[in-house]
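We call the chains A, B, C and D, going by the order they appear; numbering starts again at 1 in every chain.
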């Protein structure tokens, strides 16, 4: 699993999702929850850099977000995204969570919520919507946008609220920041993350052409 | 042939044509028709993931699109594009078919048919038109756009109609969705797919500059 | 040398200069003039695909563009660009010539000559101009644009005229088509081709921002 | 260290920062200061192409920028950026400096200083600002823009002035040219260079959407 995380991080780097050490990824395995470190160049991660945290039973949703490190590399810190990733694990039983700083996510959120959110990204009529759980290509897709906070961990409560308000959606946009996407396993999380990125870009590019999608 | 399909899928992934498991490819070989599976990450396909279907004689055009699997990987489904690929095999005697979700195809179709189609993509005066069968650089290229449907297989009849209406064109755009491109063999299909993608982008970028091509 | 040509073609493919079998490259070696074949996928060229032509003395400028093949792969045709490449060899004593279909070249030419040329691309004030022979960053760069023709070989005379009219410039833009760039050796030709592509894009992107460069 | 420089140059080439032999990189090691050569294709550098210069004590800030070559490849020249890199070493005690010709840096500077500078790039409200030393995501980031000069070395004094005027900022934009970014070590310099490039692009793309960031 650590090898897979490194491979996905290299791939995300080339997609422009994790430049400047930004973004992150976490995958739930049988041994616990794997998570990338903070502040490390994502395209250069090595398996030994990946943390393994104790998994938590589903009913521990409301606790203080503490976690127990089963295995951790010396000198590195766990990604600041940890409590946000745990939102997806606890509230949705996710198998993997990805956090991208893609510029398309940032621009799509800004277009939908120019004042910095909260708000809602809207899109309809695109085939790639079918790559998302429960969405057809003629449905109207609505993704919550939450306002950014000075520290990443402070997003935990508003992300959880947005997840509760949009039970059918596996993503939360953060204004000026990026997007969190999850899935039942890493493959679905990645597929959904790619579909969302495509849809964010489609809406931004359509807007530029004077042809808004959705909204 | 399965190795070639995997290699082309990796290449198409980097071109942005098959992200989020979207898009697909099929090649006709002496043993039958090779086709990629549905819902699998295209840049990670392995030769063992590729289906082999019984080829059909040219006069079976109007049947019910059933097919006989000669070899298929466990646990995977054949791409939903199969009946659309078979349109090209049956109506045109194609040797290979490619289906791309390229954003340039989607934007070009939207620009030409803002209401979702049917419609026609028009372009002229570009050298890359010469990479297309029977088209010169000063010709006016017209590519049919069909409306999208909730399920991919439902496109079969309207795609066949468009192919009949445009006998000189080896591509059909699907609004909000992407494009199907074929050729006498995989090399020509790929060359034409790349030329079309270039032309779609050229028209979109020219429109942004206030310098429309064709239309 | 054939290996280098294949390697450069792969690199140009990833730069978007030679998709759909378009574009080309030729390098002068001690044994003669190497040139890529026509209609072959440039990112898949193998050394055995490269032609070797007899080099010509400098004073044979005005002949009929015939050439003698010293070594040629079976079943392939010499690139249609041959007489255009020979313009650079004969009129300028070039050591290598590159032909790109880059969309930035096409858009920059269209912006400068919306009616399809002839015309002139103008740019000034960019550091990357210093990568071009004899150009400083505060100079005004002027690159000739010639009108496209139905067949590539028909460009030979107007390209030669443009080269004569702009003796200080190592590039000729072809409207709706792309650009020819040469240099004293392959390294300088490639460096200049990259600088031109950057400048073409810079002018197009600046225009989009309402901030024209040059003109 | 020379291997790392070559690897980073290849990576920067693919990011579009060092095409056409432009841009550069220098890293301070225990043996001295490593620096790439001038006018060489950055994606093709070999470790033997890298110069090693004698490091200078911190108090030699005001000297004539001469340097002593401890090891240098035959036939190559030291990058013209040397005195600019030394600005960062002397004035800031940097461990590494990167110079990019990224089009996003050029466009962002042009947008902020259409007359060619001096001026100031302004940005606020973006999470990626947190990848920069001492900057929070709600802070207003201000990066100095200096006017370009005919020769790179002539930028030395105005770059030093800008660095003195903006002690909290680890980057200087050069109008029509690119950006210099440094850090305490190569990893921080690269992280900051990537964050800046993202922010430059974010502001340019937002401007295109009619949604300015900062300013």
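The working rule: a residue touches a chain if its C-beta (ideal position, glycine included) is under 8 Å from a C-beta of that chain, and two chains touch if they have at least 3 such contacts.
Quantities reported herein were computed from a predicted structural model and do not represent experimental measurements.
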item: Required minimum of steps from chain A to chain C, each step between chains that touch; value: 2
item: Rounded Å distance between chain A and chain D, as computed from the means of their C-alpha atoms; value: 31
item: Gap in Å, rounded to a whole number, between the CA centres of chain D and chain B; value: 44
item: Per-residue multi-chain contacts in chain D, two or more chains; value: 208
item: Pairwise chain contacts under the document criterion; value: A-B, A-D, B-C, C-D
item: Chain B-touching residues of chain A, taken from the complex the two chains share; value: 125-128, 131, 136-138, 187, 190-192, 194-195, 197-198, 201-202, 205-206, 208-209, 211
item: Interfacial residue positions of chain D with respect to chain C in the complex; value: 19-22, 39, 41, 101, 103, 106-107, 110-111, 114, 116, 148, 150, 174, 176-178, 204, 207-208
